[in-house]
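Structures incoming, each one as structure tokens.
Each of the two complexes below includes chain A, the first together with chain B, the second together with chain C.
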Partner chain A sequence: MRLTRRANMTKVRAYFSLFRIKTAEGIQYRLAGLASASVGVFWALIEIVVFTVFYNYAANKDAGTLAGLTLKQVISYVWLSQAIWTMQPMSIDAEILKKINSGDVGLELCRPMDLYAHWFAGTAASRLIPVFWRGTVTLLCAILMPVPYRLGLPASAIGFCWSLLSFFCAFLLCTAFGTFVATVRLNVNWGDGPMYMMMLIGGVLSGGYLPLQLWPAALQTILLLQPFAGYLDIPIRLYLGTMQPNDAGSLILLQLIWIALFVAAGKALMAKRLKTIIVQGG
Partner chain B sequence: MSSVRLYLKYLHLHLLTGLQYKGWPLMVLQVLIVVITDPIGIILLFYRFGSIGEWSVERILLIYAMAVTSFGLAETFCRGFDYFPWRTIRTGDFDRLLLRPCSLFVQVAGSYFHIHRISRVFAGLGAIIWCLWRLEVELTMLHICTIGLALIGGCLVYAGVFVLTSGLAFFTIQSLDWIFIFTNASYQVTRCPIDYMPQVLRRFFTFVMPMLVISYMPAAAVCGWTKTYWLGLAALPAGLLFLLFATLIWRIGVRHYQSTGS
Partner chain C sequence: MAQIELRHICKTFTVSLRPEGRMSMLRGAFVRRKKVIKALDDISFTIDTGELVGYIGPNGAGKSTTVKIMSGILTPDSGYCRIMNRIPWQERVAHVARIGVVFGQRTQLWWDLPVQDSFDLLKDIYSIPFTSYKHRLHELATALDISALLTTPVRQLSLGQRMRCELAAALLHSPRILFLDEPTIGIDAVSKLALREILKRENRENGVTMILTTHDMDDVETLCSRVMVIGHGRLLYDGKLHRLKADYAPWRSIRAILTEPVTPFHIEGAERIKAEGNVWTVLFNPDIIPAHIMVERLARALPLRDLVIGEQNIDEIIAKMYQEMCL
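Showing the complex of A and B:
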């Protein structure tokens, strides 16, 4: 019993060091990170201009506030979502994709490691790397902006703590979904099409295009319950205080349920695929 | 003339190669979904907030669609330059192109071609026609010519951006991601009504990178939002000028080229 526990610990440590090595390697590309941050800041500024115009000059200019988001909150929303936008899986990990396409998956199966956990660690690193520089630089710019464009303070200290926890869950959710899509991609014949479509649906429904609260009122419940609200919308709502800290527990539980579902689906699909896997190359 | 024939031959070959992959209709569908979902944010905003003065959702979408269609055209026909920094130069494939006694420009432009990129053009054209119909614009010959010229000009502008990126890639192979501001992020600017757009953005996208010249001005001319119709015809010369400038940078880059890869 003790022995198996120890063996398990060593395994977990192995996956964690895989994650650590890859992250450390990735964040060395400082300039690439800064270039990406410049796009994030530019994009955020345009979004802020558009929202400001709507909140000040539109025919129903109070519609946003009535939906529960003031202009100040929307501006904070834009900054936060731009900071962590690249955490969302927009394609699967390049290394994994290469292995699938070249047939090196066969080689991977020879390792005395669980392939799913291995890929999960790799995907986690590739979700964290793009956020590292882009996120910090974008947030720094957001704090240093002149007042009307600045990132607002969190609504409350407790809300902020909950939102930090929720941001971490968002990271896990992005990783779980990214790994799930990688297992779908194991079917080489389908090509990249289905993979990108799945990712895109996630991106649209995450609130990155438009805060979910500003979507049509009739859809609000569904929008909150669907898995991708957990990417951005739930953590940011907790930060802004548009969701009370009392509800934080159930919202984070929702994120955790989706994480568990995606992990289970990924594992099941991988087990099924590996039985009939086509190894390419020679 | 022989360059044009060579270019068309390249496209033909790439088209045939692309069709070998059974999944190509899926890729077309995928790009189509990308293009359709992209303006979803602004459409939902208009749905909730209503128009901004004279600016209705059709007006904004028309300007947006003009820019997107131009971008799609450039992406379809100049894909080689779009990929150049990431694929051709890093792998050292450029050396081989230099050895051939043909136009470099044509060789690079024709080095990639993806059939599914054209779905952006079709979606954009569809949006333009829908907006013009909703805005009840009478389609005279002159208007059609203005829009056609604007799209050609726009294609040249975005091709210019790709050429410019490729030229810069000779000096810095990595960290060219900021060029995204001139490509996919540039047409996001059109979501903001021109009257309310900050002066800095407006000047930048008129005089530095003439994105508004190829989208807003022709749209304004055709729909009669301004009195000066001739400004709508400025798209083609602006596109040519921008492409010329980009070609200059590209030439300087080529002269500085030291091989990479092995």
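Showing the complex of A and C:
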């Protein structure tokens, strides 16, 4: 019993090392990170201007507030969503995709590791790297902005704690979905198109383009239950206080359920593929 | 009991073909014909612990497929394979922990990071205890002369340096079996020699079994006592290298450098004579005519300046063998 536990611990360490080495590799590229951050800041400013116009001059300018989101909250929403926007998987991890295409998946299989966990660790790193630079710089700008544009404080301390936990779950969810898409790509020779569509749908339904609360009222329940709300909408709602800390438990549970489903689906797809895998080339 | 045993392994691949004729590109987008290719057709062999086997054959013969099956990456369609008492593709993780693989054309190091980082990661992946890892790394780094390279990012290494690091990476966890897929492809002579030297040493001192697929006949000649030749998915020859030579290249060759060009004429005992300027290449069969007599005859008939006796080039042997077997 103790032996197996120790064996598991060393395995976990291997995956963690993998995650660490890839992260170290990725965050070397400061300039790319800063470029992405400047896009984030620029984009956030545009969105803020557009929202300000709508909230002040639109025909039904109270619609947003009626939907439960004030202008001040929308501005905070925009900053937070821009900070973690690139955490969303918008492409399959470049290294994994290269390995699928070139047949180097085979080399990966020459390691005494579970390939799914291996990919999960790699995808996790590639989800974290873009946030590392873009996230910190965008948040820094958000705090230093003049008041009307500034990121607001969290609604409550307890809500803030829940939102931090939820942000972490969002990171796991993005990783789980990213890995899932990679396993689909491993199974099906559709090319990259359908994968990008899957991931784009995720981006739209995450609320990154338009906060989910501002979508039609009839869709609200579905929008909250669908997996991609967990990307950024749920943690941001907990931050803003548009979701109460009482509901935080069930919301995070919802995120966890989707994580579990994507992990299970990814593992199943990978196992199916590995049974009949044909390594390209050579 | 044999360490590696393969019996009647078969593997087929399907490839889709584009229909022929007009508008083929368009039709090919909707209908495709499938063609089945036999990559391996009833392959059987056994390899004992500590053997150093050269596995040769033309491109597309099935070499890599065999290696992939033995390393558990690929599942054969039928047949039986047992390596160190495990069926590779069924107990993959346990199996690969005890083997090492070097693919000459693919890297297993992290491209943008110092070599040392990749090694540290491998230490965690293979759960190598810290002390034995340090000892082993030192040993390999000295033997392969890569101590100075450990802090260099992989992308800045030359191909020869990188291959030496790849080999060290594959040997870090002291595998019992090492599969080498064209390890010396494209690298310079110095690196090649260092690579061969460490392979020989690993084999001699630690009894590591090695299977080497290559197109470089020098590799085979310096390293392997046993060769297997594969073509069209079938095992064509399995045995000692010198017997392969005796069967397919019984002749010796003499390169005679003359003081002036001489048009070829028949010399008794010579099987074939080729003249290029003032260099003659004379082939003869040493079973029929001893070498010293052949040399004497040449010396008498020609204005000799210099003379080299050698075996037939092994590349030519293999080429001839492929030709005879219609590969």
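Note that the second predicted complex is superposed on the first by the 281 of 282 C-alpha atoms of A that agree within 3 Å, B and C clash if a C-alpha of one lies under 4 Å from a C-alpha of the other, contacts with A are read in each partner's own complex, and residues count from 1 in each chain.
Everything below uses one rule, namely that a contact is a pair of C-beta atoms (placed from the backbone, for glycine too) under 8 Å apart; a residue touches a chain by one contact, two chains touch by 3 or more.
Since the model is a prediction, treat every value here as computed from it, not as a measurement.
Participant: Kindly classify A:S17 by the partners it touches after superposition: chain B alone (first), chain C alone (second), both, or neither?
Facilitator: In the superposition, A:S17 touches chain C alone.
Participant: Between chain C and chain B, which one touches more residues of chain A when both complexes sit on the common chain A?
Facilitator: Of chain B and chain C, more residues of chain A lie in contact with B.
Participant: For A:L200, is the partner it touches chain B (first), chain C (second), both, or none of the two (neither)?
Facilitator: Touch partner of A:L200: chain B, not chain C.
Participant: Figure out whether A:D114 sits in contact with chain B (first) or chain C (second), or with both, or with neither.
Facilitator: The second partner, chain C, only.
Participant: Based on the superposed arrangement, let me know which partner A:Y57 touches: chain B (first), chain C (second), both, or neither?
Facilitator: The answer is first: A:Y57 touches chain B but not chain C.
Participant: Report for A:Y149: first if it touches chain B alone, second if chain C alone, otherwise both or neither.
Facilitator: neither
Participant: If I apply the document's touch criterion, which positions on chain A are contacted by chain B in one structure and by chain C in the other?
Facilitator: Looking at chain A, the two contact sets are disjoint.
Participant: Which of the residues in chain A come into contact with chain C in the complex?
Facilitator: 7, 10-11, 13-14, 16-18, 21-22, 24-25, 28, 102, 104, 106-107, 109-114, 275-279, 282
Participant: If you look only at chain A, which of its residues touch chain B in the complex?
Facilitator: Touch residues, chain A against chain B: 29, 31-32, 34-36, 38-39, 42-43, 46, 49-50, 53-54, 57-61, 63-64, 67, 189-194, 196-197, 200, 204, 209-210, 214-216.
Participant: Mind pulling up the chain C residues that touch chain A in the complex?
Facilitator: Per the touch definition, chain C meets chain A at residues 13, 64-65, 68, 71-75, 92-94, 96-97, 99, 101, 103, 106, 108, 110, 112-113, 117-118, 120-121, 124-127, 181.
Participant: For a test of understanding, state which residues of chain B touch chain A in their complex under the given definition.
Facilitator: 21-23, 26-27, 29-30, 33-34, 37, 40-42, 44-45, 47-53, 174-178, 180-181, 185, 188-189, 191-193, 196-198, 201
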